[in-house]
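Just below sit the structures, each encoded as structure tokens.
Presented sequentially are two complexes of subunit A, the first with subunit B as partner and the second with subunit C.
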Partner chain A sequence: MAAAGAPLHDPAARGRLTAALLALVVLWPLLALAEFKPWQLFDSANAQVMLNFLAGFWPPATGAEFLALLVRATLETVAIATAGIALAFVVAVPLAAVATRSLSVGRIGPARTRKLGTAVRTGARALLTFLRAIPEIVWALVFVRALGLGPGAGVLALAVTYGGMLGKVYTEILESGDTRPARALLEAGSPRVAALFYALVPGAAQELASYTVYRWECAVRASVVMGFVGAGGLGQLMDQSMKMLNGGEASTILLTFLALVIVADALSAVIRRVLA
Partner chain B sequence: MSRALAAGAAAPPERLPRCRACIALALALAAAVVWSFAYLAVDYRQLVSVESLGLMAKFVREFFPPDLSPAFVAKAAWGALETFAVAAIGTLLAVFGGALLALPAAGRFGISAALAARLALNFLRSVPELVWAALMVIAAGLGPFAGTLALALHTTGVLGRLYAESLENAPGAPERAIRDAGSGRVAAFFYATLPLVTAQGVAYALYRLEMNIRMAAVLGFVGAGGLGQLLYFHLSIFQQPQAATLLLAMFVLVFAVDSLSAFVRGRLLPAQG
Partner chain C sequence: MSATEDHLRLADGELVHPNGQRALRGVSLRLSAGERAAVVGPSGAGKTTLIRVLGASLRPTRGQLEISGTDPWQLAAGALRRLRSGIGIVHQSPPIPPRLRVVTAVLAGRLGTRPAWQSLLSLVAPIDAEGARAALARLDLGERVFDRCDRLSGGQLQRVGIARVLYQQPALLLADEPVSALDPTLADASVGALVAESEARGATLVASLHAVDLALKWFPRLIGMRAGEIVFDRPTAAVTTAMLHELYATEGRELPRQGVDALVEDVRPPNVVVLKRPGCQ
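And now, the complex of A and B:
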């Protein structure tokens, strides 16, 4: 408490100073671990290599043969991403419905099944964490054993990893919205599925849809990872172009990625407008 | 709502065209999914054949038991720490970069600056992290710094767009009030608009941190350090038990960061609960 007449000062100053000091203490070892050395970028040898490499990026390749390859690779990538997200959706929806706390009957009153419900929810959450904690490339390596090199392993790897991520985010979206309508329905004796679709989904539909489209966009980018298991698509093409240091082809592929992102944005806007 | 009430009997037909759009959209999406599966023509029945189930089981069994010798666990823990550092510093750099680009992208410096900033953000976002990493390995050499820069560049694109949307959606009245009282533009922004969007901005950054932890682990595959590099090394020389330990470390790291971030985000935005 400042006495009357004391010079004016910021009452939050001490807290902010402590936070800044703490941040510095935490940040220093992290910067050291990440080998944060920005001056390396301006090292003349590195800069020269990079500049030579980037200079090769212009002009973008437009040969007819390459464009034909590019169209096929783009279709493949889009198909892998779409099929993967469709399967991921099928994995995510039931797990999210089970894991959502606002659909718990046990929470609204004494119920014999309360402990069982908590156990099932925790189990579903653990499963979601497991699915998404293992990188898609490792899942792809597992599925390659069964399906061989090709798009199948990529689709299934996306389905598993993105299923875990969609499920987790769906749960968070459903829990962070207005949960009172669901509670009212459950208290009136409605089954959980009805409470989900009539009380929770309408309020969250736009957010759920835009996150799903965003994940589709991420799946398109993940095709770069999928190139590792011979899944074809833009990733494999990019890998070949980079290895042959063909900058022109690489920049055409990057422009294709940009176009796909813009398509995803437009799709997201359309879906949100329809659901509004 | 009030419009529908005032319209009275006219309300029901208003719903019809909208639902036609819903059905058209649902059909289009379903068609896209069917086309995708047909185009790829993968025979998924192989997945459940006895032979391939055996092959997958054999592959998974090779991961057990994980190598839990103290020396290797220490190595995995160090890798996890490095991965965390890469993700954290990359996200932090992206918060600053995203905020800087979000100001013009939200239309604060005119329409041409907005279009240019949006194009830059879309470009940063559309280049996959692994491609950024491959480029940064050329620019900064092998090691975690390349991974940090790759995450920072891609995440700047994502966060910048989200921040620009937050700035556009923030109510403008407080800033106008301060400007009308004679303050400069900078002070008005820092005291009126910034506090309104800070909580949401930090929540977005934490979300990205969760994703970047996973991404940082994959970036190691192109030589950007951390758990990914160790995983790539041990998988490529068929040392599955060591790879299992690294996957375990990844699981622990993802779980810890997700829980911490969910806790902090819950505290930041209590009004939504």
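And now, the complex of A and C:
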């Protein structure tokens, strides 16, 4: 090194090294606790068992009667996911608007309203946490008891859990963008709702839309698990096929999922292009 | 002079930023309604902080601010919001999301005085596109009203920021380096538009300017700041070139100027400031 004077030391280097080592130290026992032993996959006996299981999935079922059932169940699943996300959106938007820190007038001042504002925001965040902390399958079990077997319970379960998830992520997306536009409007006396739509949403629209569509995709998958507890749709069909050890039917259902995910991807791309 | 005649009064204003940096020290200032003053000084002097403190967007750590005789920091939330809807701040870098259309960015100036539902409807179909275009036309941007802001140059966007505040029609007009991204001719015209707005409606105007020549040309009162303190505050006619050189510590070198050579004389006698302001009293 031909550098003149003392060599430059990156003041961030030590902190980064420490963080990396700390991550390793924390991760190792977690992997042990999770009984993560990937080499067992390559053990010849285990591999044979897996292959036999997978072979049962071939060929995919194509019987007319089954396909008619499949179409009906697919429509039901799409309906559950869409209705669930729509309701979740209705739950999430007001809570996110309340919880977003960059829309806080109290943070600009005066200080007296600041404490109240912080309390309300904390409350909204706590509610969002509660909604999403309980898995949708538990909500589904609760609602199945109230509404009986069928898609209605699945819709409500999605609305509650996904409302919590959407609200949390909306809040974080809105806070991670440029917050100066909102602050400037609030400083000129704008109401919070107007500041939200004039200053924050325009910059975050693409990300908000793509996350919402991604959650719709997740809702399609989640409806499988809920179908297992009788909340209707592809899940219920899958449950029946698995119980009858009909791998062909199961693989057709999985292909349907693949198609739905591809549809979600395309939808997301279109929406992002429109909002760009 | 009673306090109620002052539109704006800052007494012994101090501001310490959260990082410990002292941006204002013992700043006292009075402006009567309709008065126009320019704040000049080297960068880091505290000009931006002063503008924001005067606009009730930064609370002074110590000292008292009064706008029309009331301390904004003692007001209830609703009254403060009404007061703020009458304060317009032009920011140096316009706080406008790039995806917004120009018309929406300008109409946002009156969010504080419109019911929220009207403002939300206006996002679908602009409620007063004509008014927005009129404000933009004063800055020579009338034909860009339906363009998206990310299609504009930095200088055009800065003028959209000015148009928003003109459209707001505030009683207190504050501008923080409002023309820093503009070429000399546009800078001159844009400061002229702010001054004309203040004259037409009797609005009080305080602008921080990097270009001393613009301040000399358009403002009857000059406030010189350095290191968070007011160094001088007097009628422009009483400001000498020597005082300006001392303010910027530029002995023997040139003062920061926008370079409107045709309008302000290049060489000034040491103690006389030449003012030429066509079309204004």
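The rule is simple: the second predicted complex is superposed on the first by the 245 of 276 C-alpha atoms of A that agree within 3 Å, B and C clash if a C-alpha of one lies under 4 Å from a C-alpha of the other, contacts with A are read in each partner's own complex, and residues count from 1 in each chain.
Rule of thumb we're sticking to: contacts are C-beta pairs under 8 Å (C-beta built on N, C-alpha and C of every residue); 3 or more make two chains touch, one makes a residue touch a chain.
What you see is a predicted model, and the numbers here were worked out from it, not measured in a lab.
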First (subunit B), second (subunit C), both or neither touched by A:Leu254: first
Touched partner set for A:Gly233, first subunit B, second subunit C, both or neither: neither
Subunit B versus subunit C as contact partner of A:Leu33, first or second or both or neither: first
Which superposed partner A:Ala184 touches (first subunit B, second subunit C, both, neither): second
First, second, both or neither for A:Gly167, with subunit B first and subunit C second: neither
Partner chain in contact with A:Ile137 - subunit B first, subunit C second, else both or neither: first
Subunit B versus subunit C as contact partner of A:Ala205, first or second or both or neither: second
Which partner reaches more residues of subunit A (counting touched residues only), subunit B or subunit C: B
In the complex with subunit A, residue positions of subunit B that touch it: 18, 21-22, 25, 32-33, 35-37, 39-40, 42-44, 46-47, 49, 52-53, 55-56, 58-60, 81-82, 84-86, 88-90, 92, 122-123, 125-131, 134-135, 138-141, 143-145, 147-148, 214, 217-218, 221, 225, 228, 231, 235, 243, 247, 250-251, 254-255, 258, 262, 269, 272-273
Subunit A-touching residues of subunit C, taken from the complex the two chains share: 55-57, 59, 72-75, 77, 80-89, 91, 95-100, 104, 108-109, 111-114, 116, 119-120, 123, 168, 170
Residues of subunit A that touch subunit C when the two form their complex: 105, 108-111, 113, 178, 180-181, 183-191, 193-195, 197-200, 202-203, 205
Contact footprint of subunit B on subunit A as seen in their complex: 27, 29-31, 33-37, 40-41, 46-47, 49-50, 53, 75-76, 78-80, 82-83, 86, 129-130, 132-138, 141-143, 145-148, 150-152, 155-156, 168, 172, 176-177, 221-222, 224-225, 228, 235, 238, 242, 254, 257-258, 260-262, 265, 270-271, 274-275
